[in-house]
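Order as written gives the chain letters A, B, C and D; numbering starts at 1 within each chain.
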Amino acid sequence: MITKAFGDSLGAIHDVGDGAIIMFGGFGLAGIPQNLIRALYEKGTKDLTVISNNPGSRLGDHEYGLAILFKAGRVKKYIGSYPTATRSFKELYDAGKVGLDLVPQGTLAERIRAKGAGIGGFYVKTGAGTLLARDKETRLINGEEYILEQPLGADFAFVKAYKGDLYGNLVYQYTGANFNPLMAMAADITIAEVEELVEPGILDPNTIHTPGIFVQRILKGERYDRWYE
Amino acid sequence: MIAGMNEQEMAQRAAAEIRDGSYVNLGIGMPTLVLDFVPAGKTVFFHTENGLLGMGGFAPKGAAHPDLVDAGKQPVTCIKGASFFPSDISFAMMRGGHIDLAIMGAYQVSAKGDLANWTAPGMLPSIGGAMDIAAGTKKIIIMMSHTTKDGKPKLVRELTYPVTGYRCVSMIITNLCVLDVSEKGLVLKELAAGVSVQDVIDNTGALLVIPEKF
Amino acid sequence: MITKAFGDSLGAIHDVGDGAIIMFGGFGLAGIPQNLIRALYEKGTKDLTVISNNPGSRLGDHEYGLAILFKAGRVKKYIGSYPTATRSFKELYDAGKVGLDLVPQGTLAERIRAKGAGIGGFYVKTGAGTLLARDKETRLINGEEYILEQPLGADFAFVKAYKGDLYGNLVYQYTGANFNPLMAMAADITIAEVEELVEPGILDPNTIHTPGIFVQRILKGERYDRWYE
Amino acid sequence: MIAGMNEQEMAQRAAAEIRDGSYVNLGIGMPTLVLDFVPAGKTVFFHTENGLLGMGGFAPKGAAHPDLVDAGKQPVTCIKGASFFPSDISFAMMRGGHIDLAIMGAYQVSAKGDLANWTAPGMLPSIGGAMDIAAGTKKIIIMMSHTTKDGKPKLVRELTYPVTGYRCVSMIITNLCVLDVSEKGLVLKELAAGVSVQDVIDNTGALLVIPEKF
């Protein structure tokens, strides 16, 4: 029997090098691969392009998740929908220290799925005629303006699921799925961290959200912060 | 400065537009107050863009789960009969025209129903799901203060802020009044208590259609 | 509490009229809405456009599923990927009695999803340069030929799930999902038949495959043939 | 008429190409025989286009479930660690380049690796998933008889049957031989027992590259 399991987060990201393009699942703090993010911070990897809905999250006076990578100056470019989620991003952006490619959230999800599904591009109404469509090809479809959007892939996807098995099958919980199943499809190497890692056959095959074919490495996350009271 | 409706009253007015059995997306901030005003006996499925249909309300202290949040990243609960799904399906619901109603805030709305609510000059731009909602939702209601903090009209002839979506707004609920967006422009529908037609006209940057009843 | 439940199949399809465009879930006999198909046959509705992976299925000398509608001459046009699944289709086609729009299976799935997701069109490599791309716009993307495919919707979708609740939430079993969740998204009115119909709150919200927003009517199927020994 | 390998031997030869831990799609008909020849100890995930990764084999009598079938509509079983999913995800696996290997039949294969296996003149056309597999799978192996029933070559310089996909075939296993598709054309790789190089040449409609070892 094969296994895709790694012993820890640092081991699972051993070959993530400077300049890597990485997708991170999660929305706010829900479903973020927090152990892989911490490991990447510890590893010191830099010049990253980060694709994620938000560049970390702020709760009260603290910033969590991806914010540690941004604050440490490891990110050269951010592609996502909601950069105002942290103050640290705004400071870096205002200082010209990080690039921004702003993408409407639904378009972000669909572009990532398109990459995973072998779609060469697609037309949406979202954003037509706005500043975010400036450089985009347009097309009239049934009298309405659509814009052409491109697939979006990455070298690595860091995703988080509730449970997973040694073949890489994943199950999410609550709103923890969000971008995770899409990013898992769209990267050259997908690394999944899970709260519970089980033998194949334990998870009901009818309830698997991400089939193992989309996951190259899996590990049990070392620690899960819960943040809220 | 005329007060008119407070936020709770505006939320209650917005809630009255929600039909039994409908699927409703609430924007971050003031629109989430609508949750408190759904009439008893109505089944409403609140959609959060991050992957939940059937949001219940904000999670009570001690019951927060880090993987169960709304679009504003607040811990929430879900109703019986809720469902969770990934972001592509969540936005298929919006872009594909399946959401019956979205209630959101705005910086500006034009007389044609054009919407600006994502960025302003000098601001770090953030878009989230706003443009997707504008592109696909069957009906959009805007809840906002009638003017900016320094008294400038937010209802304008043409948008001066960056556009979120064109001709997408159906109704506007402000502290001063309720307006419908029609082919002829903004139509005054209701006045808040203690607010006159002239108050609305004075604080609006677009021509208004004032029906005879006023 | 609202309910989307109907008492029986005939009631659930009461307003399906002659000339309707209908999507039918199922692959072979797996996951077909067999009760809704029988009801439509009994109702006598004609001039149908049928969208389905196959126009029924043959097992030994018998034909099942949609084949009864084709054999009764109720279908004027078939859109799908595998018409050779039945002999009856070939006979009607050879006699010029039914139209055929042949679509690669993956493109069929993606076109249906595109309609449901508000995608105005998309590019795929599938079929580029072949007979099935004759009238299609082509585009070079990274040096490879892609073709533009259109969204595909319908007046009604008839789908089948294993379990469902009164809000229209659906759960599939085994390979019974196939086209069902996609078609549920793409029709003006989606009618779902299920083997078990339960109150809201019984199904785990984390395991729902089709959220109720995509389902307008639901009913417990009268009878489920199992076909195999 | 030279016999060469029978279908089981061809399936066994194809099975030898399957790597441990790989994701493999088997076409309808002869390719399904490959299931019987996966070496013990290898974990192979068989993909069926209708929504299953981890097909086990054909269901034994009495264990058939109407909602658990393969691409050929035959009742099947699944292995521990299998997963089920809808058609869009199943084809995302193929079109998106996630499937490592597809083993399928063909009417014709050209010297460039062009594939024809979906229709022929006078035939009711049916396509199923063949074009999607051709468009996205990392490696495609064709298993087929070397010639048609009436002795005509199926390996040809240019296809005369309608194309399924261009330059998509990597390897061909026939009853007579095993061939690789290279930039230079079809390269003879192995001969079946009792088959000569001349037999292969006589039954092939394209130029062959014959390495020195033969």
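Operating definition for what follows: a residue touches a chain if its C-beta (ideal position, glycine included) is under 8 Å from a C-beta of that chain, and two chains touch if they have at least 3 such contacts.
Nothing here was measured: the structure is a model prediction, and the numbers come from that model.
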- Message: Of the chain pairs B-C and A-B, which one is connected by the greater count of C-beta contacts?
- Response: A-B
- Where chain A and chain D are represented by their mean Cα positions, the distance between them in whole Å: 36
- Averaging C-alpha coordinates per chain, one finds the centres of chain B and chain D separated by a number of Å equal to 55
- Note on the structure: chain A and chain B have mean C-alpha positions lying a whole-number Å distance apart equal to 28
- chain D: which residues touch two or more other chains? 78, 84-85, 88, 91, 94-95, 135-136
- Pull out every residue in chain A that's touching 2 or more other chains. 110, 113, 117-119, 124-125, 172-174, 206
- Name the touching chain pairs, please: which are they? A-B, A-C, A-D, B-C, C-D
- Message: Quick check on the complex: what are the chain D residues that touch chain A?
- Response: 20-21, 23, 43, 45, 47, 53-54, 78-85, 88-89, 91-99, 135-136
- Message: Considering only the defined contacts, which chain A positions touch chain B in the complex?
- Response: 27-31, 53, 57, 81-85, 89-90, 93-94, 100, 102-110, 113, 124-132, 162, 172-182, 209, 224-229
- Message: If we count contacts the way the header does, which residues on chain C are in touch with chain A in the complex?
- Response: 110, 114, 117-125, 139, 141, 144, 146, 171-174, 206-207
- Please give the residue numbers of chain A that touch chain D in the complex, ascending. 1-2, 113, 115-119, 165-167, 169, 185, 199-201, 205-206, 208, 211-214
- Over in the complex, which chain B residues touch chain A? Could you list them? 48-52, 59, 61-62, 64-69, 73, 75, 78, 84-88, 90-91, 94-95, 119, 124-132, 134-136, 162-166
